[in-house]
Amino acid sequence: MATGAAPARFHRAFFVGALTIVAVLALWWVATTGTRWLNPLRLPAPSEVWAALQQILDRGYAGATLWQHAMHSLGLVARGFAVAIVTGIPLGLLMGWSRRAEALINPIFLLLRPIPALAWIPLAIVWFGLGDTGKVFVIWLTAFVPAVINAFTGVRNVDPVLIAAARTQGASTAQVIRHVVIPGSMPLIFTGLRLSLQASWTTLVAAELVGAFFGLGRVLNIAGQDIFPGMIIVGMVAVAVCGAATTWLLGLLERRVLNWRQAI
Amino acid sequence: MANRNFLGPAGTVLGVVEFWLLTLAGFTLFFGGWMLVAWSGLMPANLLPSPLAVWETLVRLWNQPFAGHVYAEHLTASIGRFLMGWAIAVAIGIPLGLLMGWYRILDEIITPLFDSIRFVAPLAWVPLAALWFGTGIGGPLLIIFVGSFAPCLISAYRGARLVEPRLVEAAQTMGASGRRIIQHVLVPGAMPSIISGLRVSAGLGWQSLVGSELIVVGAGLGYLMVQGQGNLATNIVIAGMVGIGVVGFAIDVALRGVEAWFKRRWGQT
Amino acid sequence: MSEIVFRGVTKTFRLPKGGDFLAIDTTDLRIEEREFVAIVGPSGCGKTTLMRMAAGLEFPSTGSVEVGGRAVRGPGPERAVVFQQFALMPWKSVRENIGFGLMCKGTPRAEAEAAIAHYVELMGLAGHEDSFPHQLSGGMQQRVAIARAYVMNPAALLMDEPFGALDAQTRIVMQEELVRLARRNPRTVLFITHSVEEAVYLADRVVVMGRKPGRIIETIDIRPLRESEAWESQPIEEVMDRPSFTQMRSRIWKLLKAREAQNA
Amino acid sequence: MLRRILIGGIAALSLGLAAPVLAQGTPAAPQRLNISIQPADFSMFPVFLAGEQGWWRQMGIEPTITFFPAGPPQVAAAAANAWDVGITGSAPAVLGASRFNLRTIGISNDESQTNILMVRAADLAGIRANPASLRGQRVLITVNTTVDYVLQNCLRTFGLARTDLQVVNLAQAQILSAFSTGEGRVAGLWAPNIYTAEERMGAVPLCSGSDAGATVPSNIVVRDDYLRQNPEMVARFLATVLRGIAWTKTNREAALQSMQRFYAQGGVTISPAALGAEIDRHPTFGLEEHLRLMDRGAGPSQVDRWFEGLAAFLAQVGTVANPPAPSVYITDEVLRRIAGNPALRAFALNQ
């Protein structure tokens, strides 16, 4: 039940996964189109989603084509994510390394953390206006948290013996941080980055409530206002595809950086 | 011997007094900085009211109804909504995650479906939630459910996969049936992972709350904030954020307590 | 000058639930220059704590630890440590692990390369210079750790159960190699082990410790026996079969057992 | 209130199971009715007033009132049968008509004067003198709504096209926040947000729906299947709303006090002057006027014509692909049922 030859297992999983997706799509078609068990007004039929996709690809929807919306959102997510990395990881490392810094910063961090992106939108608008800054701010807020937490946990999980060993070889604090603490935290930092990236994408819809001209979040918001289920599904799929693609890219980077890790 | 921090994080443990002094200093810096910015006139009050103004607003909202209810009623409405949605996520996510860990076929069926909706924001479900479940309770609950379901499922699944295969084998050699193995080996073995997953999921579920209050209104912190914004009352908006922050913090602290209790009981440190 | 001197050392730990725990009671020990001293004792007798104090990773509650006539104030490259868990940095290659201390010291590149190559050769690591630790067996990893200690040309070597994590065969091979190495590069060595056999075979003097509280029960000089029987010119298995060796072993065993019986 | 919602929810649930049995109730045994409205909006006021005045009970109605923050979720919830009757904006009403068979059975009020493009006082003269100066400027608006329809018509009178401007889509509360911090040249707002903008931000009207010839009513709506199964209940509901409209016209002072409570419940702090303006700026229609406005005796009714323009707009912006003809979803059958029933008629006329 728990073992098996790896390649065979992979093939099987791939096969079952593909079959499941096909089965769900078929069930969807049957329920909405074949038999009309479900009212197509509540769950759009595949043909309606297809038509919505055609519409947004050819004629555009909410002011632009799907491609333009996606590129715009990608830009926003990239910026929010980048700012989260640049601010979150050093803060997490600092809090992990120094218990004093932890005691100083952590309570505030814990108090601000549960406030969702959506709740910041009124302030984002009055502080940053309707430009991209406000949207990047909202994305940063959510992407920031996993970056901090995982960098923090990463430092705390570095084997103290490694630090002791480096010390006995005459390493200075800076050398210990550079050669032991940071590489030792890297696996968890990457876990955090993956969560941050996911958070960035899931916050996009909220971020684009800050008066967006383009973007997948705007597509979803307008489709929601128009009660256009086909387009809502198109928007959701587009966000999911962008999220999966960027996560895959991050995975490539991770494999390069963590090449020293035992292949699992 | 002066600097004993040479071992880094593992080497230093703060004294109780020093810890609380630093915590206090952190709060002082945060609120003091806020107060200074608010009072300096750099930010007008409708952009950033001072902490004192927010406090006064809180006291007022506590005693006088705003948007139809006093603050405590908004709080309880939000908490009730959250608890229901979260309970459903836990009730479905954890058993499903355990079963996925135990039956590989279920894992293979669900994982691709699950992966494909992971990136979709809870907020994106708002229009569909209203369409599918209306407002009675269903719509708002779906949003919280979507927000908190994933960590429940993943943590139970990971927990089940991390159970020592030898424990399972030992139970099998003692003649335990599948059901008994799940009950006596799998669930307790997965417990530490489940508990930490509960913490994460409660946090995320609470964060979806404001989104859920976009579907139907009446009472709730999110509603309070939107109405405050409609009145150009940033102090009310921040008062709502304070409530969300404090309750979220309390939920986290409570679940941390549960986590610590379990760790002690199961002899992990 | 690199003798290690413990003078009236005690160590108490604060317990998490309050109260103090006396780990080491007033202990005096002097390890002469180029002397190989092994400490044996049951778990919890404080032998590792003694070594960590010499390394500068911990400090005595009262008394003092001096190496080469200077009080120990922290870790330093002149006192190399070999840890039981190898403590190799998983993200650095064999070459980088061995050269880490040299890099910290700022040794010129060519000089460092030559030193690394010398110890790679000596420890039988040739061909593995660019491997990552997880690609090596436990025995090979411990060779890297020992090479890393020697390459610093330390005045004192502190070894904390260096072979504890190895299987029985590898362990014997490593013990022989250590003897060979110690003869070619004599150093002041403090060697912690719970294997009586290992202590008797390797050390000039064996210090027997008991616990509750941790203190020295007896110190036994092995040198007369080893020199008179010329152990070093014979294979390890033959040495360990000699009646003089087994007698010495059981003498130490009895000491340990008697002490434990008192506690029980 | 909270408890009422909870109890109401539970009761609604049990009613759903027991509905067929209770189908023909009498005023003695009040019948459950799920009503949807939005908070703090004048067009919804009759529903609140009826509760305060005890009219529901008189009509044998046990109401469960659900508040929605905006039209789209309200209309979407109709698809999930979350409510039976309600009052909503005209844009969501057309949307609901085209997607979920929502029927319009009356007009709660005319909001043409309270769907307004507003500007800062200092900008007014300049823009009036030269509307073309708006080119490339930002307009903050809730898109695909009535105020967007007003924007469309106002731009036509200015000789501008939508593409000449940067249209920023924001919810009403967010427009207020953004406009108050200097964002945008024009803000598209409806009541009661216009008063907040006027009183606290010094904003002034540039162009309203009535200025531009765009009539934006708000609609009294019902789910089609509920109307077919319970025409009597729908008539009682509409009669109650009409009574509220009639009563407000003749009891201004008392109505103002009641409105104050209604707006406070919805979280809107509003000045007495603005409350008065709410009544003054909203033309409302009693039973007789309704019958006239919705009469199709000589071709399309007045109301039909109002909706043709709006529907064309919604089709143009892509909200509704092929909007149905007004005759499909606007019906005066409930009005005629009231007119034909002396008791209901007298009730609706507040006699």
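Order of writing sets the labels: A, B, C and D. Residues in every chain begin at 1.
We adopt the following convention: a contact is a pair of C-beta atoms (placed from the backbone, for glycine too) under 8 Å apart; a residue touches a chain by one contact, two chains touch by 3 or more.
This is a predicted model, so every value here is computed, not measured.
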{"item": "Contacts common to subunit A and subunit D (chain labels)", "value": "B"}
{"item": "Maximum centroid distance from subunit D, chain identifier (CA atoms)", "value": "C"}
{"item": "Top chain pair, ranked by number of contacting C-beta pairs", "value": "A-B"}
{"item": "Chain centre separation in whole Å, for subunit C relative to subunit B (CA means)", "value": "49"}
{"item": "Centre-of-Cα separation between subunit D and subunit C, whole angstrom", "value": "85"}
{"item": "Geometric centre distance via CA averages, subunit B-subunit A, whole Å", "value": "17"}
{"item": "Sequence positions of subunit C contacting 2 or more other chains", "value": "57, 74-75"}
{"item": "For subunit B, residues contacting two or more additional chains", "value": "6-7, 46-47, 126-127, 131-132, 228-229"}
{"item": "Numbers and ranges of subunit D residues touching at least 2 other chains", "value": "72, 76, 79-80, 171, 173-174, 177, 180-181"}
{"item": "Contacting residues of subunit C [partner subunit A, same complex]", "value": "55-57, 74-77, 79-81, 83, 85, 87, 89-92, 100-101, 104-105, 132, 134, 148, 152, 158"}
{"item": "Partner subunit A, residues of subunit D touching it in the complex", "value": "72, 75-76, 79-80, 95, 99-100, 138, 140, 143-145, 166, 168-171, 173-174, 177-178, 180-184, 318-320"}
{"item": "Subunit A residues touching subunit B - in the complex, by the definition given at the top", "value": "1-3, 12-13, 16-18, 20-21, 24, 41-43, 96-100, 103-108, 110-120, 122-123, 126-127, 155-156, 158, 160, 163-164, 167, 173, 176, 181, 198, 201-206, 220, 223-224, 227, 229, 232, 235-236, 239-240, 242-244"}
{"item": "Of all residues in subunit D, those that touch subunit B in their complex", "value": "1-2, 5, 9, 12-13, 39, 66-69, 72-73, 76-77, 79-83, 171-174, 176-177, 180-181, 193, 196, 200-201, 264-269"}
{"item": "Contacting residues of subunit B [partner subunit A, same complex]", "value": "5-14, 18-19, 22-23, 25-27, 29-30, 46-48, 102, 104-105, 107-113, 115-124, 126-128, 131-132, 165, 168, 203, 206-211, 222, 225, 228-229, 234, 237-238, 240-241, 244-249, 251-252"}
